[in-house]
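Going by the order they are written in, the chains are A, B, C and D; count residues from 1 in each one.
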Amino acid sequence: MLNVAVVGATGYVGAELLRLLFVHPSVKVACVTSERFAGEPLCNKLPFLHKRYNLTLETYGADKIASIADIVFVALAHGKAMAPVHQLVQLGRRVIDLSADYRLPSAGLYQKWYRTRHLHPKLLRKAVYGLTEVHRADIANGGLIANPGCYPTGALLAIYPFVKEGLLDGNREIIIDAKSGISGAGSVATARTHFPDTHENVTAYDVGVHRHIPEIERGMMRMGIKVKTVFTPYLTPINRGILTTVYLPLVKSISRATVASLLKVYKNEPFIRERVEAPSLSAVRGSNFCDIFAFLAASGKTAVVMSAIDNLGKGAAGQAIQNMNVMMGWEETLGLAAPGFYP
Amino acid sequence: MLNVAVVGATGYVGAELLRLLFVHPSVKVACVTSERFAGEPLCNKLPFLHKRYNLTLETYGADKIASIADIVFVALAHGKAMAPVHQLVQLGRRVIDLSADYRLPSAGLYQKWYRTRHLHPKLLRKAVYGLTEVHRADIANGGLIANPGCYPTGALLAIYPFVKEGLLDGNREIIIDAKSGISGAGSVATARTHFPDTHENVTAYDVGVHRHIPEIERGMMRMGIKVKTVFTPYLTPINRGILTTVYLPLVKSISRATVASLLKVYKNEPFIRERVEAPSLSAVRGSNFCDIFAFLAASGKTAVVMSAIDNLGKGAAGQAIQNMNVMMGWEETLGLAAPGFYP
Amino acid sequence: MLNVAVVGATGYVGAELLRLLFVHPSVKVACVTSERFAGEPLCNKLPFLHKRYNLTLETYGADKIASIADIVFVALAHGKAMAPVHQLVQLGRRVIDLSADYRLPSAGLYQKWYRTRHLHPKLLRKAVYGLTEVHRADIANGGLIANPGCYPTGALLAIYPFVKEGLLDGNREIIIDAKSGISGAGSVATARTHFPDTHENVTAYDVGVHRHIPEIERGMMRMGIKVKTVFTPYLTPINRGILTTVYLPLVKSISRATVASLLKVYKNEPFIRERVEAPSLSAVRGSNFCDIFAFLAASGKTAVVMSAIDNLGKGAAGQAIQNMNVMMGWEETLGLAAPGFYP
Amino acid sequence: MLNVAVVGATGYVGAELLRLLFVHPSVKVACVTSERFAGEPLCNKLPFLHKRYNLTLETYGADKIASIADIVFVALAHGKAMAPVHQLVQLGRRVIDLSADYRLPSAGLYQKWYRTRHLHPKLLRKAVYGLTEVHRADIANGGLIANPGCYPTGALLAIYPFVKEGLLDGNREIIIDAKSGISGAGSVATARTHFPDTHENVTAYDVGVHRHIPEIERGMMRMGIKVKTVFTPYLTPINRGILTTVYLPLVKSISRATVASLLKVYKNEPFIRERVEAPSLSAVRGSNFCDIFAFLAASGKTAVVMSAIDNLGKGAAGQAIQNMNVMMGWEETLGLAAPGFYP
């Protein structure tokens, strides 16, 4: 059994990691940390785990965790993960960081978007971007995996087949219109997530300034193309899920058949499903699946691609475990095979 | 035109008062206050009022308000209303207090349940409990109306016909099981009202200790009967509405026909509707209506009565305006005639 | 008092018309029809209207309605409105048709998209498209108003300022990504609107084939420009509201200040509100407002414009009553002044 | 591997069975049937199972199923399960019937409540009521398990500790007030479950006539006590979950400590969790857990007990699999160990 630790266990991403790791046949959760609730039984904060986990929340300590765990999942807020991740890597542990701290390729870009100086630019450059289906080989050998953000996961998996085939026109903007559930905003109550203001409401937010913009643009550069994006994220009154629609300018007119055939790049992927109609969040809820659908605008010059993921699954904890499986050389579906929830 | 002020205008009750007062043909909102947002345009905090109100939020000042307004609606949190209400009454204004501060009949009881010393016990004893259909005559002459809480309104209107006919058995407990929307918890974000923890969830809260228990029991005493209550309130994932089921022990077996006929006491009430089947919150949403339905348990010894109200309407702002109409000798439906929302 | 009839009164649009007409100071609802429920009291089907309306649902009869009503609102399904509208116009009544039957400019186009032969192409050509803010003068004199669809209303009001200033590039596609509440799907239960499949779900539908596509494109032609659209509608789990984002290719780079200033065309409109940040459906719910916000993509060549409406308000019944007010030469806000619902 | 069949696989209960059976280490789903969709790939009807199941829906045939499957789960509507269940038992298969057809102890009672003549009264008398924690021994040897209804499961597990200790007063009514999610109404769209009429609404239904009344009363008789119930079920706008509050008249006054200690009867149960505060549906969603909480009314003569279950989990598919595990002599948690979903 591989011993793992979850640093920052009481947020939604931590909770989802614990839910999924519980059924992983080769892993034991050896340590869970929380600075706010250290000393309390885990199940006081996460009652759904009662009679399943019997752990106490601990304060974070690099040495202690390095001595207990082989792989560490860090599920802290951005800015707070930077130092612990560095410490754990220094101590020789492999780390999967679910924060944003090691996703961008340079300290300068990080500082620009997160308004925080990056303390470990060297490690930042070494981190592997953990979009599994695209960077599998690098992940297998990675010491530090920067697990992708939820929006970038949904957007990049939709864009990838078009970049791969050289069809995306880098001279025009791509438009990304992404509808997210509220768990993406985290587990701490805020005015934006107060029930009566969120329920029966849909609204865009962080228009033009969302921090996933550079992550998406760099994600495309990692695929080999530089494109400007217009990114509009929305809060919709659901718990889980991101439905992303990308409008892709093409370098040439292509046929409907071609558009559909492009998704075949994912044919053998265990977690990506080519759909022949618009996907539903209800089909991916609680799973590590990404359902994708593509069609052609009437003009023939714009592809419209939709992806559906669970933001806590493929958009966070699921992909993190998938990456762990890749790192360990295990079957990629280990512990992740279960279908999601319906209804 | 009657000039009114709304003290504490930016919460959900304040917002509902402003929504309703806007269409009241005989009233002008002359002043709105907010300690937190004083100086800001009202519509910055309540964007739905943009292009309808052009007021600036002011800090509360008793003299200023007394000089501007004939009637003052106080929509502050409990504890915070006590002093302003007293000041305004001293200055000769008629006040409708939507907080809990003047609802209980004695300072001792207030202190026991609200853990705050009541500063104005004399005024407390003079306050009129504003359950319109039951205390209309007193309200008409009242200087200070203690507008009922949302749960007490739904429960007491359901219980009243049985007390009136002497059918309620005071030696046994009545059970009140009440399902509320989330706006009842107020407009300030809290852990309890964070969307992902509230959505797709139903939970009871404040079991056995909810502050509306003494208000309901005193409400029944004002009708002339002393009964113990078991009161269970729930949060359900909707914005507006309280569906209350009361299980009433009867002094004798009665017939189904009798149960139904009891509701005729409300026949001429403009805001109470006798229903012949279980009521829906969707029929009262956004209105000042209270829909009531009664049936008999198989034993014939227990009446089951359901009431549906909008907690912000009949359960707060709607009833407050109804009380103002009574105080002014106006038609009771003035400004309140509009049906609610469907769907 | 103007006597009006509502043909097709029991659907959501009919219900909203009745809700709004009840508070209209110059109108009396003289007749309500329903083929399915004729003979039943209106309030059996629409319990929220109990103790407010005392009408019985009637079968439709052209002569009877023409003899009772000065203006007729037709809220039937598309295909079913065509003949009654024609009859009533023949009988000299002014008609506001809320179906799609008279919105497209030619019988051919209607047949192509609705797969039904249009029986009255001559009347079709005479109908006035009722987008109030754009076609006010024609509406004032119109005998038959084709009330716009919900999506076209939200999209066209967002696009209009850019067409008016000649900034929209007709050689490129505009992208319209519109998130709708479920009431837009009508009041009849279908698999698509079954609660457990709709709740906690977001999905696109009718991709590339939605019948509002030609209505939007013709709406732009009526403004003087021919542009192709990519239109993606979504169902989101709310009752009311459409949040529309349009991505507009511009003929030239413009500044942020210019984008913002374009919305001043609506400065004196009583129902359109220029917003300085992304609009929320919660601010327009239950009202006739359209909140609009515009910003510039980083490239400077694409404007992103968002509009928020209540699909039953400005997107249907509200705009219909606004059009009636224009037709009658009344103040446009008559009966529509009330703010919407919050929360 | 045990081969199982799911008869009636496309409803919500069928879907949940397939979700759970997929991760069961000792079971293979060998056959899925659907009369409406026979011939179609399972995943066309249940897209969330895509890339996980590769089965085609078949028509039901007793011989075929008996030849393939060792245990058969029947998830048909009541009335439709009666004959297939009988056939399969005749052919020597062990059957877990999730319909209501074999839950009541006599054909007469069945006919009274379900208005259908029972065709197999002899088998009816032999069926074992599958409330696992109460009837474990009988289930182990049972040939036909009548899997309990969702409401009876939640209610009876809450009541059981009080009956066991002889504290329930059989001379007075018990009151059961149960709030259900909408999936309990099934997967077929109906007016009652149309999104806009269900969302933002709470309503009671089948007041006094719900078919789970006799099941609950017989369930108590199986525990050894005869009591009358007042049962009020509600639809609340969530997908999954039943929160049940039972108000239990006691034969004598007991202390708070006694009430709490009664729940210790469940201490070693893997799926029942004693809670020290009001339970939340969010803690049991997607799981086979039943969370229970008990407290004492102020009078000391009424116990108030709350239970939270997932109606599709412990209330249907989860308990069915738990029963299969008991029947096979397996660890009871096999395939059911996973925690539910949070958030």
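Simple rule for what comes next: a residue touches a chain if its C-beta (ideal position, glycine included) is under 8 Å from a C-beta of that chain, and two chains touch if they have at least 3 such contacts.
The model shown is predicted, which means the values in this text are computed figures rather than measured ones.
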Given the two chain pairs A-B and A-C, which is bridged by the higher number of C-beta pairs in contact?
A-C
Could you tell me which chain lies farthest from chain D when each chain's centre is the average position of its Cα atoms?
C
Distance-wise, how many Å sit between the C-alpha centres of chain A and chain D, to the nearest whole number?
36
Centre-to-centre distance between chain B and chain A (centres being mean Cα positions), rounded to whole Å
46
Taking each chain's centre as the mean of its CA atoms, chain A sits from chain C at a distance in Å of 39
Could you pull out the residues of chain C that touch at least 2 other chains?
12, 183, 187, 196-197, 199-200, 237-240, 280, 282, 285, 343
If we count contacts the way the header does, which residues on chain C are in touch with chain D in the complex?
12, 181-183, 187-191, 193-200, 237-239
Where on chain D does chain A make contact in their complex?
12, 15-16, 18-19, 22-23, 46-52, 183, 187, 199-200, 239-240, 270, 273, 275, 280, 282-287, 289, 291, 337-343
Contact footprint of chain A on chain C as seen in their complex:
173, 175, 177, 179, 196-197, 199-205, 207-208, 228, 230, 232, 234, 236-241, 243, 245, 247, 277-282, 285, 295, 297-299, 301-302, 304, 306, 343
